[in-house]
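What follows is a pair of complexes built around chain A, which joins chain B in one and chain C in the other.
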Partner chain A sequence: MRRTVGALLRKELLVELRTLESVPGMSLFAVTTFVVFHFALNRNSVDGDLASGILWVTLLFAAILGINRLFVADAEEGGFDGFLLAPVDRSAMLVAKVLTLLAYLVVLEIVAVPAFALLLLGPSLGGAMPGLLVTLALGDIGVAVIGTLVAALAVQTRARDLLGPLLALPLLVPIVIGGARATSPLLALSHPTGAPARWLLTLGLYDLVFGLIAYALFDFLLED
Partner chain B sequence: MAALEVEGLARHYGEREALSDVSLSLEAARTLVVFGPNGAGKTTLLRVLATLLRPHAGAVRVLGSSLPDEAWAVRGRIGLLAHEPLLYRELTARENLRFHARLHDVAEERVEEVLEAVAISARASEPLRNLSRGMVQRVAVARAVLHDPELLLLDEPYANLDPAAIELVEPLIGAASGRTRVVCSHDPGGGLAEADLVLGLRAGRTVLLRDATAVGPGEIAELYR
Partner chain C sequence: MYGKGLRALSIATVAAMALALALVFFYAPLEAEQGFLQKIFYLHVPLAIVALCGFVLGGLLAIQHLRTREARWDMRSYVAIHMSLIFAVATLITGSIWAKGSWGHWWVWSEPTLVSFLIVFLLYATYQPLRFAIEDPERQSRYASVFAVTAGAFVPLNFIAVRLSTAYLHPRVLGSTSNLPGPMALTFVVSLAAMALLFATLCKYELTAKHTRAQVRALRRRLTGETGAPIRRRSAAPSLQPTAASAGSATGSGA
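So, the complex of A and B:
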């Protein structure tokens, strides 16, 4: 299993490095959205609930771009069939795709969070960083698992560009809610506090539930 | 024991019947050539035998394993050469084959061996998108035989290949390879020359199933009228 996941992960990263189709698009989308918010809100800075909401919604839509592209290279030239013909545990593809999407999200956030702090955020990020990192990590795991599940389903249909976001968005809303609620106190202008434990726990449980659902369903999604 | 045993196979896509009541048996190390016009069900038959499509009715045994229940047992023993190369355009020929070598638990030396066999070593470090269709087909042949499969499923294997390239891949996927083969073809002369058994399909149904020595090119041509 580890050898197969390693081979798939290496292939995914090589394809992305050669095409630069996902991560640059996701990052550029996030930064552009912050610029649009900056002018649309006609404010120099935001904090608390508003800041948290803008950050999570932007990251969600940027993630959708990556989710939509996740299986495209596999579908285009029959690489997907090449994998299905191999005598390997098919769950390896789930693990590799989740790790790939996680890597994309981490790079996205390395670009997007400083851009958000620079363009929109009022309070300094310094003290909020540990709590924000934990919240983002829990959110990213959920987005990566749900995104992989949805992308595997959508790629087998003709309307995959439409179906992917339509299926993903409702399932990702609880992550945005949990992430935004957990992040809001961290970004408050006055008396910032830590991320509320109950929202972190909610995110963790949601990740766990969808991790189990994905593990149980993924093999069936790969069947014709 | 027969390498392939198919009894009453049916497969449909929604309402459309792609294969209906197809039966055949093929001994090991022999070649079945499948003829039929476009849409006759040739590719569907190959995909069912390759475990990529489930049969909707009938019994299918490949290399002694019943499909779809025991598909896992035969996957590593089948080499499929399909219309698509089953490769990644952005990766080089060598990277593609190394990827498949890891999936099939094949030693990396074998990658260089098959690259050499299809005479692609000199261009093996270029992304596939830079190669001609014929060269990509040669890499696809290398991928199909990389893990030394017992059964080869070949969908118009010589498409895009020039005569020199056909000669080059012949020892790997031709009758001389000694493997059990199912070949889809539109070439009556070439197809009959390498066939032990001939299957003619039209609209998903068997219209011809006979030993190759008892089939003439005229009967094959008739399939396409």
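So, the complex of A and C:
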């Protein structure tokens, strides 16, 4: 299992490195969205609730770009067939794809969070960094798990670019709730405090439950 | 064949609905603060509970479909979710009317139950487009079941998450039956039972109609002596192709 996941993950990252199909697009999208927010809100700096909302919505929509493309190569170039012919555990594909998407999200945030701090954020990010990292990590796991499941569902349909986001957004609402609520006190202009443990716990539990659901159901999506 | 018990169930539903409405209008006392408007509670809350239970039921039936791979479980899951969607639309409309009447706004974001219901509705609204977008019937039913299980598990999770996120701005006087006065609680329970019966009856009607239509089609094909493969229209509903064997086996366990 571990070797299979390793091989699949290497393949995914190699394909991404050679084609540069997802991650640069996602990062550019996030930065552009911050600029759009600047003009749409007509504000030079944001803080608190508004800042955490903008950050999470932007990361979410950028993640959806990656989710939409996650399985396209496998469906179109026969990646699924090759994988199904190999005598390996099918859950390996789920784990590898979740890790791939997670890696995309981490790179996206390495670009997007400093850009956000530079372009829009009022208060400085220094003290908020540890809390923000934990919240983002928990949110990313959830987005990666749900995104992989939804991408596998949507990729075999005729309207996959449409159905992927439609399926993913409602499922990701609890992550936005948890993430945005946990982040907003970190980005407050006056008296920034730590991320409330209640929201981190909610995020963690949501990740865990959807991880189990995805693990139980993913095999059924790979049966042809 | 599939309509067995349908008449008794229909009569029971009509009687229960009549009893529930009679209780709502003539027996249950007027609520002190909201007056007559509060009566919509006996329609709105049972609709919401039945719709949510129907969504979860659709998920459980989908688990059964994934385990057994029998088309009839997929059909039942589809019908349960389809009917719950209709109930959910009715819930949102009655909820909006109630919110307008008691709080003065058509939509209230601070009411966690309403908001989480909307999110669940938006998720399930993609069920039929998802089915419709997959052409192969076997894959369609399998993917739809995976969706139904995921979404069914999402229903309670989402309610927890949204409820956590909202401070209780509005007192939840009517949230549970435990703090209702006796006559109101009785009326509510009867209304809930009537709504559940209505759901079951409508599901059974839809299942019967689908089976009957498939049977009529098969008989017509036999009568005209067509032998080629049946022409399949693309559809969001699961398709039934009753052969003699499957029609016989499904009769015994008809929903």
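The rule we apply is simple: the second predicted complex is superposed on the first by the 223 of 224 C-alpha atoms of A that agree within 3 Å, B and C clash if a C-alpha of one lies under 4 Å from a C-alpha of the other, contacts with A are read in each partner's own complex, and residues count from 1 in each chain.
Keep in mind that, in the parts below, a contact is a pair of C-beta atoms (placed from the backbone, for glycine too) under 8 Å apart; a residue touches a chain by one contact, two chains touch by 3 or more.
Note that the structure is a prediction, hence the values are computed from the model and not measured.
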Using the superposition on chain A described above, determine whether A:E77 touches chain B (first), chain C (second), both, or neither. first
Quick check on the superposed pair: does A:F220 touch chain B, chain C, both, or neither? Answer first, second, both or neither. second
Which partner does A:A159 contact after superposing on A: first (chain B), second (chain C), both, neither? second
First (chain B), second (chain C), both or neither: which does A:Y206 touch? second
Applying the touch criterion given at the start, work out whether A:R18 contacts chain B, chain C, both or neither, answering first, second, both or neither. first
Does the superposition put A:V173 against chain B (first), chain C (second), both, or neither? second
Across the two complexes, find the residues of chain A that touch chain B and also touch chain C. 223-224
The answer for chain A against chain C in the complex is residues 149, 153-154, 156-160, 162-163, 166-167, 169-171, 173-174, 177-178, 181, 198, 202, 206, 209, 213, 216-217, 220-221, 223-224
Which of the residues in chain B come into contact with chain A in the complex? 50-54, 72, 75-76, 78, 80, 82-91, 95, 99-100, 102-105, 127, 143
Chain C - residues contacting chain A, complex: 66, 119-120, 122-123, 126, 129-130, 133-135, 139, 142-143, 145-147, 149-150, 153-154, 157-158, 160-162, 164-165
Considering the complex alone, what residue numbers of chain A touch chain B? 3-4, 6-7, 10-11, 14-15, 18-19, 73, 76-79, 81-88, 223-224
